[in-house]
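Presented sequentially are two complexes of chain A, the first with chain B as partner and the second with chain C.
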Partner chain A sequence: MAKNFQLVHKICTTRCQSTNVFTAVSLTNREYYTVKITDLDDLTDPQVILNEISRTRHIRHNNILPLLNSFVQESQIWCIYPHIYYGSCRDILNAIQAYYTANSDQNLNTNNNNNIDRADEQIRLCFNEQSIQPIVRSILLALDYLHSKHIIHRCVCPENIYINQSGHVYLGGMGYAISLIDNGFLNKRLHEYPSKIDNYVNYLSPEILQQNLIGYNTKSDIYSLGVTICELANGIHPFIGCEKTQMLFEKLVGYDIGLWDRSILTTESKNIFVSVCASENPKVIAQIQRRCFSEKFRNFVDLCVVKNHEFRANCHQLLHHTYMKKMKLQSCLSTFQISIISEGLVELQKKIKNKTIQNQSDFSQIVQKPTTPSKNINSWNFD
Partner chain B sequence: MLKQKQAQFYYDDDDDEQDTEERTPDDIMNSDFFNDDIYDYKERFFNRNNNHQEIPEGDLAQDEEYDLDENTDENVNFQFQNEEEDYDENNDNLINKETFFKRVDSMEFVKQKQPKVIDKYLIGELLGDGSYGKVKECLDMENLSRRAVKIINLKMVARKIPKGVQNVRKEIKIMKKLNHKNLIKLYSTFEKGSQPPNNHTDHPSQCINLEKPPKLYIFMDYCITSLEKLLKTAPLQRLTNFQANYYFKQLIEGLEYLHSLNIIHNDIKPGNLLITCDDTLKICDFSISADLGMFSEEEYIKDKKIEQEEDEENFDGINPNLLANSGTGKFPIQQCTPMFQCPEMLDENIDEILILKNAPKIDVWSTGVTLYQLTTGNLPFQGQTLHQIFELIRSEIPIEMPEFCDKNLKALLNGMLTRDIMKRWSIHEIRECEWFKKKHPLVKEEMAPLPQEAKMSEANDQPNLSSDKFYSAEEDINIKQNEVIQTHINQESTSRVLTQATKAKKTNCSMM
Partner chain C sequence: MFLFGRTKTPQELVRTLKDLLLQLEKGERKYEKIAEDVTKCLSGIKNILYGTQDQDPQTEVIAQLAQEIYNSNLIKIMIDNIVRVDFEGKKDIASIFNNLLRRQIGNRSPTVDHIAGRSEILSKLISGYDCQDIALNCGMMLRECCRHEELTKLIINSDQFYKFFEYVELSTFDIASDAFLTFRDLLTKHKTLNAAFLEQNYDKFFENYQKLLHSDNYVTRRQSLKLLGELLLDRYNFTVMTRYISNPDNLKLMMNMLREKSRNIQFEAFHVFKVFVANPNKPKPVTDILLRNKEKLIEFLSNFHSDRSEDEQFNDEKAYLIKQIKELREV
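After this line comes the complex of A and B, so read on.
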């Protein structure tokens, strides 16, 4: 079966260096796919990948990344997923970050004020309140489905939120998911700690981290979602630069995470924010100063990141929050938003490459490629 | 005086903290710790009037113990810090207006105690004490999972317990083989102050010679309580049929797995049966268990005399060398806790081959005693002296069963506590028994509750309580960074947390 796929290029290496992700072309129907290849020889514990395959096969939802096929090829497990044009939200964030650092270097040299403004504008355009809304909505729908099946995802983070070419948002990464149903009994709470979750420990909810008698339930996904929204909206993770132990302390008793915008800088709460954000620098502050989120959005995030899970809202409640109702219902990013993101990304990438103002001819070249979104959006949009 | 006492309190903690030097109260008073604070306060006080423009950077950095990155952002950082201090001062002034001295917070003394980090684990509160050493709570700093660590002072063990060090090594060897949800799991070991763990032999003399006491750290699953403690907190001093059955089933599962590996636990008792957060029973303490497997690398293999080769096929899986060694004084099964000792081990002319053949039955006996204790609250064999207990075990007197035991339970107990090793029930027979298979009624009032205090303190979101014992050590490690946060948590957030906590209390009450 592996013969049917021609690997095009490697996207990334994940999880203990044994999983490689490739873009591939199917030789049978000439379409793009994402292929995840896990080498069993290097794998210390196959549990995560096996869990991912078995869980994904048992569920089907519009907003959950489907597993099209999986098979064993020699010592490797191949998993075939649909082609994800924009990659995960992490990739987009990284692109923004890379652009930002590249731009700041330039800025140091030329000291051009105009440039900063444009950069900030660009960043605001990428993950602003309006474009986060459909992402959150899609993820909530997926989570609502999972929770109705008594499955806890446990690893909601930007890495696992994928956006494809038409702006459709998928939730993936079911490797750490766990079911509340065990041995035919429906448990109210779970206590098992995902100790292999190493890199995503920042997204775990306080009740999972506490590992006490109380345990955790489906609401811990909501907290992870809240942290994810914060990261998307703020551009950086709320606990960036923290030691893991300090992060634990903060999550249990300390600082409440939330959205960072203009209002946080004017009140006394600034102190908390500044002291926690270890990687403090004036540019971030300046950026935050330009930002302004609506009251509804702030309230929505606050509901997600309540420390005590008893008072945290559940999926169903959040889906009917005013922030969700504010705009017309849409399960995917609109053409406008996706074009902003794509253009933003294209521009960002180009700027990182050239560090020059965009050239008209360059842009047209990109447009002419068959996979470029700006051309294809109209054909994909059936609204 | 009070301060000094406080300071001392944090020092005389336990012998583990050898790294921190003993400091007399005078030392503390003379140390730059206090003087700096005063200086700092003066600085701040005066600078406040000058709109806090010039705070000497060096001093501030020292006082606050900030590791500031030497980059261009420093200036901005300082601006914000100044404002924070300003805010803090205002609060301080409100509390004690005239005093020049800063209110001494207990946190500052806590800070002195260095958090202890072994390998990648942060060591926390003491959980329990045993003959082999302490058990402490700890936190994996990489994935933040909660673990328990058994700290064994090898020097002391070698002195106090015969074959102590060998037993510890054997325990680790056995635990490494195990992988079952009802057996405690070994995550890693760490040895400090003796030879590298690779070429460790069973010669305690080599360990003793070193200056620092050699210590062995065994990192295991974290458990909240043991059946022994649970029994004490139970309303009737015994478990209900439902609960006893629930734990007994898990115990049998674990034992069956253990016996399938030809390992005899040999020390089953409520104190060695731990319970995790999710109410799973874990069998622990393999220090005197025996590995009778074909490939066990015990030292008595060396002087081999294989005589009865034709008998081998009868003892499926048992190391023939062990059988050959019988009568040479190298019997692999050791004496266990007196009350749980089985009669055949007390026999003077002990038939070693018979016992080795039926070794799993040793565990069945002690499991029977355990079940008796769980369901009745008493031990079946009690006496003033060891001699009396042993006499009682060896005698032929039938075991008394209290009235409230039902018929099936009596049958099971009688079967497990049969003195003849051949007639004693096997694990298979136990599994077939009525009491084991039956679904018992759930009586909530008589259930032994899991430790309540942990539940309460962690359920409420109060900032001081929920950071409880376990996390106190982390506070220390982060105290440098947290200092500012700690003092500057603004009124709003604390009040919000408090209201939440009160809400939580209310809901708890209503639930009850």
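After this line comes the complex of A and C, so read on.
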């Protein structure tokens, strides 16, 4: 079946390294698809990918990325998804960064200040309040569906939010999802800590991290959504450059995660991360000074990141929040952003291509790994 | 016709669902309307059985519901028509089925008895793997059945059991791997039953199993090799293991798999190969093969996965095998 798809270009290598994501064109209907290729031989425990495949197959919702097909090719699993033009929100954040890196390199000689300007431009252009709203709404609809089916996603983060060419938003990455229904009964809470989730701990809710007897429920996804919104809006992860133990501590004492705009500068600034960033780059403060989020948006985020999950809002309440209400039909990406993202994506593309060309001249070699003949022994003697 | 204004009693819910499903089966006209009502009924029954986030399940109501389900033969009717129910409804049928199977009254499991008396239900579930739309739902229900010895026995002793050797190689990966999960549960959950089954059906079973080990499909090869190792090393399967490791053809297969290009397959093969070498009563043909390859094996094993230095057990076993092979003498 793999021969029905021609790989066009590589989008990324996921954080778990053994998975490569490609844009591919189907030779049967000439349409584009996103193909995730995971080499099972690199994994000692393929549990996450198997869970992702079976969970996704049991789910059907307009805002959840559907798995169209999956098959085995040599030692690889190919998962076929609809074509996601802009990739994940993480890709978009990276693309914006790549755009500025490339442009500032060109201008470096003419303008020395450019380097400093870059960081605050990057923050300014990430996602604005209006463009985040449709993303959040789609993700909430997806989570509302999952929660009504008693499933906890456990890995809501920019990596798992995808945007296609028409601006439709999908939630993906069901590899860490877990059901509250177990052994034929509906549990009110779970206690199991997601294994192999190290790369995403920053997004986990305090109650999951705490691993105590109280456990966690569907509301932990809301917390992760809150952290994700902050990252998209601030342009920087709330716990950037932070040791895991410190992150845990801050979450448990209920450190005020939130949106960075001028209001946090006027109040007695208890936000140490802003001050850390600011000490490295004074322009950040100036940028934050210029930014102003609406009261309802800040209130919405505050409801998501309430430390005690009993008082945290659920999907249903958030969908009826005033921030969700003023729903003008709009795309989640403005035209200006799209042009920047597109250019940034091209830059990223170049980088990936160069790397690929250095190592391997052709995709077919990625697909068929060179064989490693076992040393010394040519054959056994059975006669 | 469907009054959801007032809450239905469990009996009414079951009867309505039964009527609707039978209408679906006949293929009456207002198909979509009926299918919609079926989904509502199913989710109503599911909520009674599982409760919701706000309300715990009530034992009394569940007892009435279950009794009505047994009396009206609803389980069979649901399974017969699962293919006609919509996507969410199919999942609800599986959830209802699985919850009912867990029901216990004292030492009795009434649903297990109910299904054991109607083995055509099990047969329907197995052939569910033939149909993409319902394969995964049927798989979930079959694995729940596997928890009960009585039902497992019915399944592995049916001719249909051998269909699993085809299902685990289906080209759609998610269905194939689901089928393998079920296959594995069938062979490992009930030790005494499984051991007796493997002994009685040794030839037929391993003839089929050999095909899985030779499959072109990497995943099938890797999974079946791993399961083989688990089966042979289980002390309940001692007789089966003894028989397996006295056959020189099996040894040849494992030695070839040690040299496969995939590291994971090499590693799994090692765990089967070691049993051949560690066997204190090796038959002559097995010893002969080992002797003929003595030097090669020692050299091969000395370099085998030498980067797994942190895996103490593996290194101990490897050293033990090398020692055993070095000490091998003609009999």
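As a convention for this text, the second predicted complex is superposed on the first by the 284 of 383 C-alpha atoms of A that agree within 3 Å, B and C clash if a C-alpha of one lies under 4 Å from a C-alpha of the other, contacts with A are read in each partner's own complex, and residues count from 1 in each chain.
Assume a residue touches a chain if its C-beta (ideal position, glycine included) is under 8 Å from a C-beta of that chain, and two chains touch if they have at least 3 such contacts.
Since this is a predicted model, take the numbers as computed values, not measurements.
Engineer: Is A:308 touching anything from chain B or chain C once the two structures are fitted on A? First, second, both or neither.
Structural biologist: first
Engineer: Per the contact definition in the header, classify A:185: touching chain B only (first), chain C only (second), both, or neither.
Structural biologist: In the superposed model, A:185 contacts chain C only, not chain B.
Engineer: For A:71 in the superposed arrangement: first (chain B), second (chain C), both or neither?
Structural biologist: A:71 sits against chain C, while chain B stays out of touch.
Engineer: Tell me which partner A:209 touches in the superposition: chain B (first), chain C (second), both or neither.
Structural biologist: A:209: touches chain B, not chain C.
Engineer: Under the touch definition given earlier, write down the residues of chain C that touch chain A in their complex.
Structural biologist: Answer in residue numbers: 50-53, 57, 87-88, 91, 95, 98-99, 101-102, 136, 144, 171-174, 176-178, 217-219, 222, 252, 255-256, 258-259, 261-264, 266, 289, 292-293, 296, 299-300, 303.
Engineer: Write out the stretch or stretches of chain B touching chain A in their complex.
Structural biologist: 73, 76-77, 80, 83-84, 87, 122, 139-146, 222, 224, 276-278, 450-451, 454-455, 458-459, 461, 463, 466-467, 471, 474-475, 477-478, 481-482, 484-485, 488-490, 492-493, 500, 503-504, 507
Engineer: Inside the complex, what are the residues of chain A that reach chain B?
Structural biologist: Going through chain A, the ones touching chain B are 190-193, 195-198, 201, 204, 209-215, 243-246, 248-250, 252-256, 268-272, 274-276, 278, 280-282, 285, 307-308, 310-311.
Engineer: Chain C touches which residues of chain A in the complex?
Structural biologist: 1, 40-41, 44, 50, 53-54, 57-58, 60, 67, 69-72, 74-75, 77, 149, 181, 183-186, 188, 217, 371-377, 380-382
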